[in-house]
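Chain lettering (A, B, C and D) follows the sequence in which the chains are written, and residue indices restart at 1 in each chain.
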Amino acid sequence: MIKVYLDHQSSTPVLPQVYEAMLPWFSEYYGNASALHEQGLRARAALNQSRKQFSEAIHSPDPESILFTSCGTEANNLAVKGTAYALQHKGKHIILSTAEHPSVENSVAFLERQGFTATRVSVNSEGFINPEDIRAAITPETILIATHYANHDIGTIQPVAQIGEIAREHKIQFFVDAAFSAGWLPINVQEMNASLLSLSPHRFYGPKGVGVLYKNRKARLSSIIHGGIQENNFRSGTENIPAIVGGGLAMELAENERETRVSRLRVLQEKLWKGLSEQISYICLNGPVPGENRHPANLNVSTEFIEGEGQLLLCNAAGIAVASGSSCVSKNLKSSLTLTVIGLDITLAQGNIIFTLGKDNTFEEIDYVVSSFAKIVERLRQMSPMWEAFQKGNISSVIPGNPK
Amino acid sequence: MRFFHTENIMAEEYNPYNPIVMDHFLNPRNMGDLEDADGIGEVGAAACGDIMKISLKISDDGKISDARFKTFGCGSAIASSSMATELVKGKTIEEALKVTNKNVVDALGGLPPVKIHCSVLAEEAIKAALDDYIKRHPEKAALVAANNHKA
Amino acid sequence: MIKVYLDHQSSTPVLPQVYEAMLPWFSEYYGNASALHEQGLRARAALNQSRKQFSEAIHSPDPESILFTSCGTEANNLAVKGTAYALQHKGKHIILSTAEHPSVENSVAFLERQGFTATRVSVNSEGFINPEDIRAAITPETILIATHYANHDIGTIQPVAQIGEIAREHKIQFFVDAAFSAGWLPINVQEMNASLLSLSPHRFYGPKGVGVLYKNRKARLSSIIHGGIQENNFRSGTENIPAIVGGGLAMELAENERETRVSRLRVLQEKLWKGLSEQISYICLNGPVPGENRHPANLNVSTEFIEGEGQLLLCNAAGIAVASGSSCVSKNLKSSLTLTVIGLDITLAQGNIIFTLGKDNTFEEIDYVVSSFAKIVERLRQMSPMWEAFQKGNISSVIPGNPK
Amino acid sequence: MRFFHTENIMAEEYNPYNPIVMDHFLNPRNMGDLEDADGIGEVGAAACGDIMKISLKISDDGKISDARFKTFGCGSAIASSSMATELVKGKTIEEALKVTNKNVVDALGGLPPVKIHCSVLAEEAIKAALDDYIKRHPEKAALVAANNHKA
């Protein structure tokens, strides 16, 4: 049976080379990097090697600026809360956008419950932050500007260098959530003027169980997981050596192959959207048009008059793995925040489907997905009382500039 | 549809729903509309994620001779409405009014906790369709009143 | 060359069966457990299977009480801070012992900086907590009693069931740090009356990258890593599936083989201490005598007149991997807290060496370690001006009830 | 000692110290005491983790003809004292007084940042031994004064 994986945003398979590189670190080299013996020192050397790989890929000034956490979420928590606790004597105001990943949004919300304040600058209908809105939000109390590089739902690529410039002018610590970008988009922490930047290797063919936080030497940060003095005292807990080894290699490979991977993805992305928009009526694209302002792997669409979970389940039954920002799919029954803040009509948010391509998807797979998805939409519309109402002219389409 | 492969779908542990629910989702019973329905109920809102419409054919002796559904909603909403129509088919109005969301959940072999509201919606859609029938047939109003009284 | 690994407290090799069980979860089954498709649902099923394995091993009433974190340290942070944040409206007082692992001690210290208060009950010279001291420390403000099961440095096994009984009587949440105990000591969370209990699989032949927190249904807990709604909303971030799969199996195997492993360890432990104390003068045992009140893997000794790091390095050169609580070994140049709070003379703390045995150590290895270690001590004493002063009668031994 | 296998020890990446430091730790130069030492310096305290004792033999022309150390302390303390004795051997008192901890670190090819204090201790031990010599030989006091002046 055909299987097409189009949910690379949620996780990717570990590359064969990466897998091979990890294997010795389970049963053969199993030392704790804090230990002062051959096993431990070997682990320490592996940590440092991985730091170098990440450091080079993101043009960090030195490998010591690379800190390991357990996942992108934890890296984001560390960046946001760690800055807040380190700089609270200077001020308690944080600027972020309304379209941050929940790991940033909910970290800030937690800090607000502890007496910090935050300004959330709006994004426009394609998800873009206007850097000038950030500038306007700055107060003498501002200690952190936190934004994402590419949006995890709709792939919008933010003008991070411009935001970084504003942060630099105002001497405010700047954190970039690159958990969905690293491995796909070029990252130069110095050009971005990032004080902090997070990565998540399992999104670029590395393993789960490791996240990375780049921390500029000058950035102030407090630890949020307390205990031993691992990671230069910024993150306690025994380091996950196999995942760190694998993550470093995945980063190196992703960076080496980035342009090849991305140019292929761009073709697949265009083909997928072309196919879907031609075969399916009343479907809209969420986020920027495919091109330089959109993550090359992401395609976020809404099919009108039907709901997302059903689409997901039928896709799965057809061997196609996709995601959805629909509230029915989420365990907390909330639609994806991004869809709300770009002002998407709530019924379109319900019909949301997120395709994320990977480097190994093929043209044939795209063809299969387009034709299968068209059938799925058709089938669910046959079941839908909204579609019926629309056909009878009782309701009209809410897709702006209604297609067909 | 040919491309829905059951070997995947049916391995319970890799499904969010049990095999009965999956079966009703993938092979819904009584999907569609009824020409000349005697009662139609539509409940829910797209904003909340689910809309269910149930159409009933009710014979003169007060028996539900046929039932159809249309649903905008997640897998469990579709399965719940499919099952609800199965449950009321052949029942009298009195009996059908007694069908609860719990009956639907039980008949489906259970739903995940966060999806119980789908079965509630199915119960409401059945009630709404019967209400509609009663409205059109005021002579049967006593039945509904009796039931409302009990509730 | 001979290699003897006697640092199982810092980490253990992943068991072959555990390793095998993890392998498919990197490149073949790579789904994110939050995803609604075959890959994701498979990961979700694996998570639940692992929860069952942990649940059974510690006699948890249900698998849903098992939460996954990234390591023991994070589990401890979650237990301590998560209780504090969840119950701060009730009170802000925490009771712990002076001999907690840094992950507990430093979490409490962090909370103190945020306005919580703490009472640290002393341990005696063998590291034991007196449960009545805990009772005496309870105030109407007390929201948490946090203690360890076995001490990570000196292996003292605490009377956790008695402490749990006191917590139950006073209806106070009780957290047990079992990160050094799980897999070696029997754990029954219900008999202990534990509200929360932490485990660290890489200490019993499971992988790094996963920690476990048991959370009784009735326990109140706030999340400390915010973001998505993984782990029932108690821990955000993509779950590390391979490590969770491996950890669960390691737990099951450890529990099945526990008695066999432990009875062997007890023999090795006695043999090691007997050998060392016979071959080396001016050496003392820290913590309880080997037996039911001491962790079967741990042997903590101090050799007088010499320092720990040199011993460690020479052990390593002899192929022997051990640890030390000496300040020179620690990156923060502080002696292990446990050694201080049991009142160990500071020069004995400097000469500290920690042996932790594993299930695969042999009698021959113990013989080799004893004879090598005797030579190492001899060699370092030859270099030591303190030894010289002692030989000349200028200073005397500080070992209580001075041996030989 | 036979059982210290150099293939392990010498693979730089698996050592906390570089090969020069490891060599001085494993094969310390000038370890021991000097009978009839002309100057002995002992600095540090066990509580702080390190004690270093340096003994010097100084010939009448003010040259350090021999040096020995004894150290209670970590690997870098032992290596630092070993290197410090090497550095002062053959030097005049004036020259030896100019030996700094940085000279020791450089000669060792570097020490980890947290271990720099070991080299400071070695410098201090040398100074203390020379001080002791000066105390015993007040006629050389001017030298020390000159040096202290500079510092």
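As a convention for this text, a residue touches a chain if its C-beta (ideal position, glycine included) is under 8 Å from a C-beta of that chain, and two chains touch if they have at least 3 such contacts.
Worth saying up front: this structure is predicted, and the values here are computed from it rather than measured.
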Please tell me the distance, in whole Å, between the geometric centres of chain B and chain D computed from their C-alpha atoms. 89
Between chain A and chain C, what distance separates the C-alpha centroids? Give it in angstrom. 35
Where chain C and chain D are represented by their mean Cα positions, the distance between them in whole Å: 39
When centres are defined as mean Cα positions, the distance from chain A to chain D in whole Å is 55
Where chain C touches two or more other chains, by residue: 36, 38, 309, 313, 316, 319, 329, 331
Where does chain D touch two or more other chains at once, residue-wise? 8, 16
Among line, ring, star, complete and other, the chain touch graph is other
Chain pairs satisfying touch are A-B, A-C, A-D, B-C, C-D
In the complex formed with chain D, which residues of chain C make contact? 1-2, 305-310, 313-314, 316-319, 326-329, 331, 333, 346-347, 350, 372, 375, 379, 382-388
Report the residues of chain B in contact with chain A in the complex, numbered from low to high. 1, 3-5, 7-9, 16, 25-26, 28, 31, 33, 42, 46-47, 49-53, 70-75, 77-78, 114
Looking at the complex, which residues from chain C come into contact with chain A? 3, 5, 7, 10-16, 19, 22, 26-28, 30-32, 34-40, 69-74, 76-77, 101-103, 106-107, 109-110, 114, 200, 202, 207-211, 224-229, 233, 236-243, 309, 312-313, 315-316, 319-324, 329-332
Okay, in this complex, where on chain D does chain A touch? 8, 13-16
Listed in rising order, chain A residues that touch chain D in their complex are 36, 38, 41-42, 45
